[in-house]
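Next up: some structures, all given as structure tokens.
What follows is chain A paired twice: with chain B in the first complex and chain C in the second.
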Partner chain A sequence: MDPLLSVRSLRVEATSSVGTIVAVDRFDLDIHPGDVIGLIGESGSGKTTAVRSLLGLTERNVRIAEGSICFQGEQVLGDGKNHLDRLRGRHVGMVFQNASSSLNPLLKIKTQMRQVLRVNRPDQRAAAHQRRIDEVISRMGFHDPKRVLRSYPHQLSGGMRQRAAIAIAIVSEPEIVIADESTSALDVTTQAEVMELVRELATDMGHSLIYVTHDLLLAAEVCTRMAVMYGGEIVEEGPTASVIAYPKHPYTLGLLRSVPMWAKKAPLVGIDGTPPRVIPGFIGCRFASRCAHAVGACSDADVEWTQHRDSGFRCIQPEGAPLHTGNG
Partner chain B sequence: MILGNHRTADVSEDETRTIRRSGNRSLWLMGLPLLLLGLLVVAAPLLPLADPGLQDLRGRLIPPIFLEGGTWEHPLGTDQLGRDLLARVIYGGRLTFVIAIAAVLVGSVFGTLLGMIAGYRRGWIDTIISRVVDAQLALPFILLAIAIIVSRGRSLVVLVAVLAIISWAQYARVIRAETLSLRERPFILGLRAAGASPIRIILRHIFPNIGGTVLVLATLEVGTMILAESALSFLGLGVVPPDISWGGMLAGGREFIQDAWWVVTFPGIAITFVVMSINLLGDALRARYDPRKRTYL
Partner chain C sequence: MTFVRFMAPKLVGAVITLLIALSLAFFLARTAGDPARNILGEFATEEQVLEKQIELGLDKPLPVQFWNYLGQLATFDLGDSLRYSRSNWELILGRFPSTIQLTVAGMLIATLIGLPLGIVAALKEGKAWDRISVFVALFGQSIPLFWLGLMFILLFAVAWGWLPAGQSGTWQHLVLPAVTLSVLPMARIARLTRSSLSEVLEETYITSARARGLKERTVVITHAIRNAALPVVTIMGLQAGTLLSGAVTVEFVFAWPGLGTLATQAVQFRDFSLVQAVVIVGAVTFVVINLTVDLLYGIIDPRIREQGS
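Entry: the complex of A and B
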């Protein structure tokens, strides 16, 4: 099956008064219909910059230095083309971290949904828009959907607002929904509920979901595939089960070992040090300075991607041993 | 805010409602005199007033009714050409208001649009607009007015244009700053992600969110415009007789101020009263729409 969205060797640079850093580098990602991809990484790993770049929604000081993006086989970025604005809203919807401020405080939820439809589905009539709004809102698990439609954002609770924001993002039926830390501001129970809802809505309609988070546990619950980012690169990518059970990259392993639930038999281990500042011209594995298995070759040259069937990693000393050794 | 972190949603809603209600009361209190004056000025032709342009050289400089020699025929007395002052103050208000409001409309529309574009687009557009604003604010207003009026001639359109040129930069600067902070809010990013065009975002989403500020600014500017118009008319750059404005009346009566103080005093009082009322109304509106008091969700 052809991928819905295909990103190749994306490189994003951010320039500030201090200099230029490489926020995202050698970023390859294929999204197939029905995929729920978890983009995992710590703060500053470039995950948010990467997904915002997919939509051309970066800050002024951030630019896409190279890379190509194809949507449904058609090139939208690269070879001097930049048609990312055509994807926004119509084909790719986005839910942001803080729903409270991602809604216009002056407009009713109904109005905000209708506007998204007017912009992205101008060919349909108002009655069709209304039907679509009613359908989407009734599936969001609201106690009283009609009242939510009539409400202003401040009249809703945090969880309700987040669900309203999701309703707005999916109302024009985008093929891909990007949820950027969408639940981090909610409490744990609501988080799981909302994520489950998003996954259901996306996959029921055959759409795909990119879930950007630093919460491994939550990602493991809802995602079919996982991509782990470090220092602007994807260091490991594969089906959720195999990434968790057989992590190949030492960083992935380190992440898993720092989750209490999975590390309950083994001692809880953190990763020493901090992520490097990746400046242009940086050579070698980004993780080498913090990696227990690093050898000289790790820093001598850029590490190539190793693909084995449906998973891959970027390491010359991959971990062979599974996480749950012994009785785990 | 007063209750610190422990206030519940109910309390905050009650609080806002109380603020709203008292805000409404002071709005009415401040707006009522202006409203009455506005009605008076609009209904002037229907009132039993003397013809404001009718000269009576034998009845020059008649004092107002409460002084010796005053008559009920001219309750506020007459000016140097024997014209009824009461009628002239009321009719003069018509043109003064029209000019001030037209100037504010033109100035606020241009200033707000440019401010929103500069704040939203940033980059070179912002640089150009901001530098023009700086230049505009650095020019002395009287000098600019003299230059334009001398080269373009005296007319109502030119006068409104001059006043609008004087005021637009103020709007542009304030609105740009508000737009700058607004555009960083996630809902604008959300709208962009949803595919909304910049024009739609500016007009449908940014403008309503800064509308309160524009309203406050525009209200305060009406007062400034009345003063500016009076100043220009006083210098002989304003309305052309036989049209009447308050500033023009001040200019005409200046020579007689020692013998007939009432000729300049009544239009002066009118200007003071209106400008003060407008400023008080503006303050009441500001209390309601102040961005610093506005709580975002």
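Entry: the complex of A and C
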């Protein structure tokens, strides 16, 4: 099956007064219909910059330096083209981290939903839009969906606001929904509820979901695939079960061991050090400085991607043993 | 209903403000020496002064005078002018339209230029348009009104003869004073619009609006500008007040027959009754403008509308 969205060698640079850093590098990702991809990484790993770049919504000092993006086989970025704005809303919907700041405070929820439909489904009549709004809002698990539509954002609770933000993002039926840390501002119970809802809504229609998070546990519950980011690169990618059971990249293993639930009898281990500042011209594995297995070759040349069936990683000293038998 | 509950406390506040202003007007007018003596001049005898005081009710104790004053105001009686021997109402009504005409024209010019200037500057932050607007704003804020007015007269009226130098009548007469008056509020409006809008443009809900696929025009107009409007409306309300006082200077420079000129003359002739009346009318105008600003707040922002209830 052809991928819905295909990203190749994306490189994003951020320039500030202290110089340029490479926020995202050698970023390849294929998204197929029905995929729920967890993009995992700690803060500063470049995951948010990567997904914002997919929509061309980077901040002022950030630019896409290289890469190509195809949507449904049609190139939207690369070869001098940049049509990323065509994807926004219509094909790719985005739910932001904090609904309190991502909803316009002066417009009612229904006004914001209607605007999205007007611009992305101009072929439909107002009555069809209204039906679609009612349908989406009624599936969001509100006690009183009508009241939510009539409300301004500040009149809703945090959980309700996040649901409303999701409703706005999916109302025009985009093929891909990106949820960027969309639940981290909510309490744990609501988090799981909302994530499950997003997954359901996206995949029921055969659509895909990119779930950006630092929460491995939550991602493991809802995602079919996982892509682990470190220092702007994807260091490991594959089906959730195999990434968790047989992590290949030492960083992935380190992440898994820092989750209390999975560390089990093995002691809970953190990863020493901090992520590197990747400047242009950086050579070698980004994780080498914090990696227990690092050898000289790790820093001598860029590490190539190793693909084995539906999983891949970027490491020359991959882990062999599965996590649960414990090798530490 | 929300609106009634939102506006009711503001109305109470307005009445209190007005009462304070009325009291101030009353007491300040009596700090400039004995009006009776001022009217009659230094050569009048004590008997004549006493007679005048009794005529004006100035012989009574201050609280009684104040009570009578409030009673007068309650019947919308602003008293009579000491100098012109006519009712203050009549005098003020004769001048008020001219001042309103001048300030409204000034505010209109300020808004029509200041707003677009600020918006363009925010959208093109760091570019040439932005620099120009920042320069204009700085220039407009630092220049003294009377000097600007004189320069305008010197250039447009005296040197080139394009426009009349003073007095009123046709729209040509209005141009120079209105433009002079508009410079300061225009600069403030431009500066505040720029900073407010560029701040809003950095908000997540703007990125979010773009992510929804909305056209850039919709993003800027319905999402950014409306959110940036609150502080701008505030400053416009405040400017309207400043404009009234600025009008005093501008009316003087351009011999514009407005309230400002009337007030200046009243002060010069120690016509405390007229000064008092002008102050009252000014205070009422200011309070009404502030109430309008409050009302606009409520219309723009639903969050503010609910705070009242």
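FYI, the second predicted complex is superposed on the first by the 325 of 328 C-alpha atoms of A that agree within 3 Å, B and C clash if a C-alpha of one lies under 4 Å from a C-alpha of the other, contacts with A are read in each partner's own complex, and residues count from 1 in each chain.
The working rule: contacts are C-beta pairs under 8 Å (C-beta built on N, C-alpha and C of every residue); 3 or more make two chains touch, one makes a residue touch a chain.
Only a predicted model underlies this, so the values are computations on that prediction, with no experimental measurement involved.
**Student:** Record, for the superposition on chain A, whether partners chain B and chain C clash or fit.
**Tutor:** clash
**Student:** Just checking: does A:His154 make contact with chain B only, chain C only, both, or neither of them? Give me first, second, both or neither.
**Tutor:** both
**Student:** Considering only the touch criterion stated at the top, classify A:Phe96 as touching first (chain B), second (chain C), both, or neither.
**Tutor:** both
**Student:** Which partner chains sit in contact with A:Val116 here, chain B, chain C, both or neither? Use first/second/both/neither.
**Tutor:** Both: A:Val116 reaches chain B and chain C.
**Student:** State whether A:Pro276 touches chain B only (first), chain C only (second), both chains, or neither.
**Tutor:** It touches nothing on chain B or chain C.
**Student:** Quick one: is A:Gly312 in contact with chain B, with chain C, with both, or with neither? Answer first, second, both or neither.
**Tutor:** Touch partners of A:Gly312: none, neither chain B nor chain C.
**Student:** Is A:Ile168 touching anything from chain B or chain C once the two structures are fitted on A? First, second, both or neither.
**Tutor:** both
**Student:** With the two complexes overlaid, spot the stretch of chain C among 5-13, 23-31, 41-49 or 59-67 whose C-alpha atoms clash with chain B.
**Tutor:** 5-13
**Student:** Considering only the contact definition stated at the top, list the common interface residues of chain A for chain B and chain C.
**Tutor:** 55, 57, 85, 88-90, 93-94, 96, 98, 101-107, 115-116, 119-120, 154, 165, 168-169, 172
**Student:** For chain A, which residues count as touching chain C in their complex?
**Tutor:** 52, 55, 57, 85, 88-90, 93-94, 96, 98, 101-107, 112, 115-116, 119-120, 152, 154-155, 165, 168-169, 172
**Student:** For chain A, which residues are in contact with chain B within the complex?
**Tutor:** So the residues of chain A touching chain B come out as 55, 57, 60, 85, 88-90, 92-94, 96-98, 100-107, 115-116, 119-120, 153-154, 165, 168-169, 172.
**Student:** For the complex, give me every residue of chain C touching chain A.
**Tutor:** That would be residues 203-205, 207-215, 218, 222-223, 226-227, 300-303, 306 of chain C.
**Student:** List the residues on chain B that touch chain A in their complex, please.
**Tutor:** Against chain A, the touching part of chain B is residues 122-123, 185-187, 189-197, 200, 204-205, 208-209, 296-297.
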